[in-house]
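Below is a structure I'd like to ask you about.
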């Protein structure tokens, strides 16, 4: 390995099981010499297999955190610094949940209470994380913070529904805090816009399989895997990407800049 | 005048006083032959001079509406159709308020309850408006809906704080509903990203005057006025722009695509 | 009609036959009260039916112009001002030709002499037009100049080959001269990024029919027609869009901001 | 070091002296275990100190190449594969020259013969490089090609003049060949949009010093240095960024997404 993160301390949100991007990020960060704390929502921890991941990562500590609660976030940051013995160098935010999708409410019939919950969990949580760190001065100068997003923030994919809006808001927070935290502490903040990925959450979206194949046919390099995304996160956490901030970085095999490919037509014929 | 909106029926949100963009939009729509209903928040109505505007617009009806309440929105749409005698052809959404800015809370110390209120008033209100219309089938085929936004949604202007995030979310709703309402009824939905404008709301932002001059110096054509914005809204409401949808349209004298101008340097010297 | 261009003087490039967007623009500008000169390449004039169009437009004068020659451009501008009796208010640039596509050379085997010709005809011609006007001070203050482009400038559509590059360059000139001409004379310069359109040139591209259907299925409003594009050009030439400059304006039924639509899948099934 | 490029073979264009970004890229690639060939225009070689760089990089071979000549490009690729003993893994294109700027011709008075030379040297050279490799099948699967660009391709910086257009075209080629080479060989192609950098070429632009300070004041992290850019190039050449392609990657300390900063005002006051 390349020791790209040797001596660095981090926090990784959202590792549910080995299909999770966050799970792969944890494994790669471990390989590259980082120490980190794992966190997830209390309920996700019960469902998932995060203990197994922790064991594979030099017995990383696990701290439950409800990202919609200020006090949980404060506790997470405080404990993380105690456990890791100092300020944080990198954070991965991989958190999202759409109440309306889960409840079967379409885009033209959203329940707004649920919609605010979706925004709170999926987007405001990122601001809350950064604001908590900002107030506690918890991130080292030149630290790197990433959130995972999807191109539905910029173009419409109908089934992605309100999550597209949540991702737009998430990307906006990355720019906003990228400015303010950059000015004060040179902390850099970016989002990674990843190919559709067959995680537990992703696979649950209606028609995911067909859409996954469509995206792959349109992307010159095919869809990016969770492992490849984890590699890219490692790069963006490393000291070799210090001047990249406030960006939405497409990690998608070229999907975002491809308008058309005959492979889409071929795909359809093969499905017959 | 050009009769660009002859026979068209509309709803115009947000005319507080004659500095408001919405005020100018109402005057121009009236000139172009449209009939419409005016609406604003109950509290804004007490502060503003909307009755004067209504008198100048063929005694347009005024319907108060708290945009955070579903029932107010439903009432507005229902009454508008009764008053105007049929479905709606155009709507201007010019609504925004930042609780945290008003209360002096900086971007690194947001109160999240207020932040959700900011999002609810400034952004979710647009989805609520569209969803209410969608459910009531209240917009004629090829109707046109506009919301006013600002480039702070895409690039950071520190004093704009959480309103930049709110505008990002607003623009995302325009795309989302632009897809769904376009598919069902050919309704087109766009946002107009306007130059800084010395409205009552705008002028209240810290350092507005200096920033206004900076933006004007950077823009090859200078800042766009409220009147010019109203002209552009008329165009986008007319039948001559029917195939434009899901776009964020910069109406800003070229600001958005200018990286630098020596006039910025000159401006600073003149201020000495 | 709306008299949106009453008293305005223009130059319209590229009307070959009634399928041409420029042809429709001429008709609409005539309806809206404008006077203008028509121009095209000498060879295109022999093939096309431009005399018929001129007859329908109050006997508009026709001036041949090879857009790759400075002296032809100078002659065009000089004669136009003489014929129209003053400076110009609006110009449509609708010019493009790909030598390599015509000769069957794929993107990985371009002939660079032809490629420079493609750029010269399709892109540099726009700079040449603007520079000639700039030097001759031939455009009235607040004049409006448009060039037609296509989204292949920003995303890859493999069959569009080198024309995508030519359109990128064209859009860049619109920004560049939008700045310089805006600063000096308030002249505004924009490009319109139009849906695929079954013009004589468009239809000649390999697989145009399939692709046209694909684009239509993906666009919430379907593909924009040449007539609709002409309407939009009228708006952008009018005084009601004065502060819009340096923009690439998508006129495409929502194609550019739609990532996916099930109608693409349906389309394929129907083709079986 | 991290051995990020161990065993990789490359070609690096454009190292003139130790202020060149390409010079720093060569040093960093050497540190990371790569072997490569250096190349530059014959005339640049006479002026520069490339021999010193070659000595510091394990006696890298130097092959002169006029990038406007197909046969020079073919010779470069052929010789490089012979010297390095196989296909190429990474290439840096850092080539640009504006004839009109050099000759003092402003944007409104370009000489078009020189302009085509500018495009040929600065932009078409990148297509020629890729096409030559494509035909010779000279790049390994998953190879990575980068070109250096500047934000003037997307927004206007008046002094950058025709080079902004050249960079737009360059970025378009990266997308175009990113598609075609990606489909055939999984080769990924990106541009890096770097902060203004005090290279020999950059410093020669009129008013560079003032502009450099302005850009630094606007960027939350300040301007990115040539060394930092080289670090980022290493990451993009490595196997850890395999699914990133067809992108324009901003390496600019946040400049591209910052609309305004009070530090710009402060800067001006300090200059008094």
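Order as written gives the chain letters A, B, C and D; numbering starts at 1 within each chain.
In this text, a residue touches a chain if its C-beta (ideal position, glycine included) is under 8 Å from a C-beta of that chain, and two chains touch if they have at least 3 such contacts.
Computed from a prediction, not measured in an experiment: that's the story for all the values here.
Using the contact threshold fixed earlier, the set of chains in contact with both chain C and chain D is A, B. Computed centre separation for the pair chain B/chain D is 42 angstrom, with centres defined by C-alpha atoms.
Distance from the chain B centre to the chain C centre is 31 Å, each centre being the mean of its Cα atoms. Within chain D, contacts with two or more other chains are made by residues 154-156, 158, 175, 178-180, 246, 256-258, 261. A complete topology is adopted by the chain contact network, contact being made between every pair of chains. The touching residues of chain D, when paired with chain B in their complex, are 151-152, 154-158, 207, 210-211, 214, 256-262, 264-265, 268-269, 272.
Listing the residues of chain D that touch chain C in their complex gives 70, 107-110, 112, 115-116, 119-120, 124, 127-128, 131, 134-135, 153-156, 158, 161-162, 164-165, 168-169, 171-173, 175-181, 246. Of all the residues in chain B, the ones that touch chain C in their complex are 2-4, 175, 178-180, 182-183, 186, 188, 195, 220-221, 224-225, 228-229, 231-232, 234-235, 238-247, 249-254, 256-258, 261.
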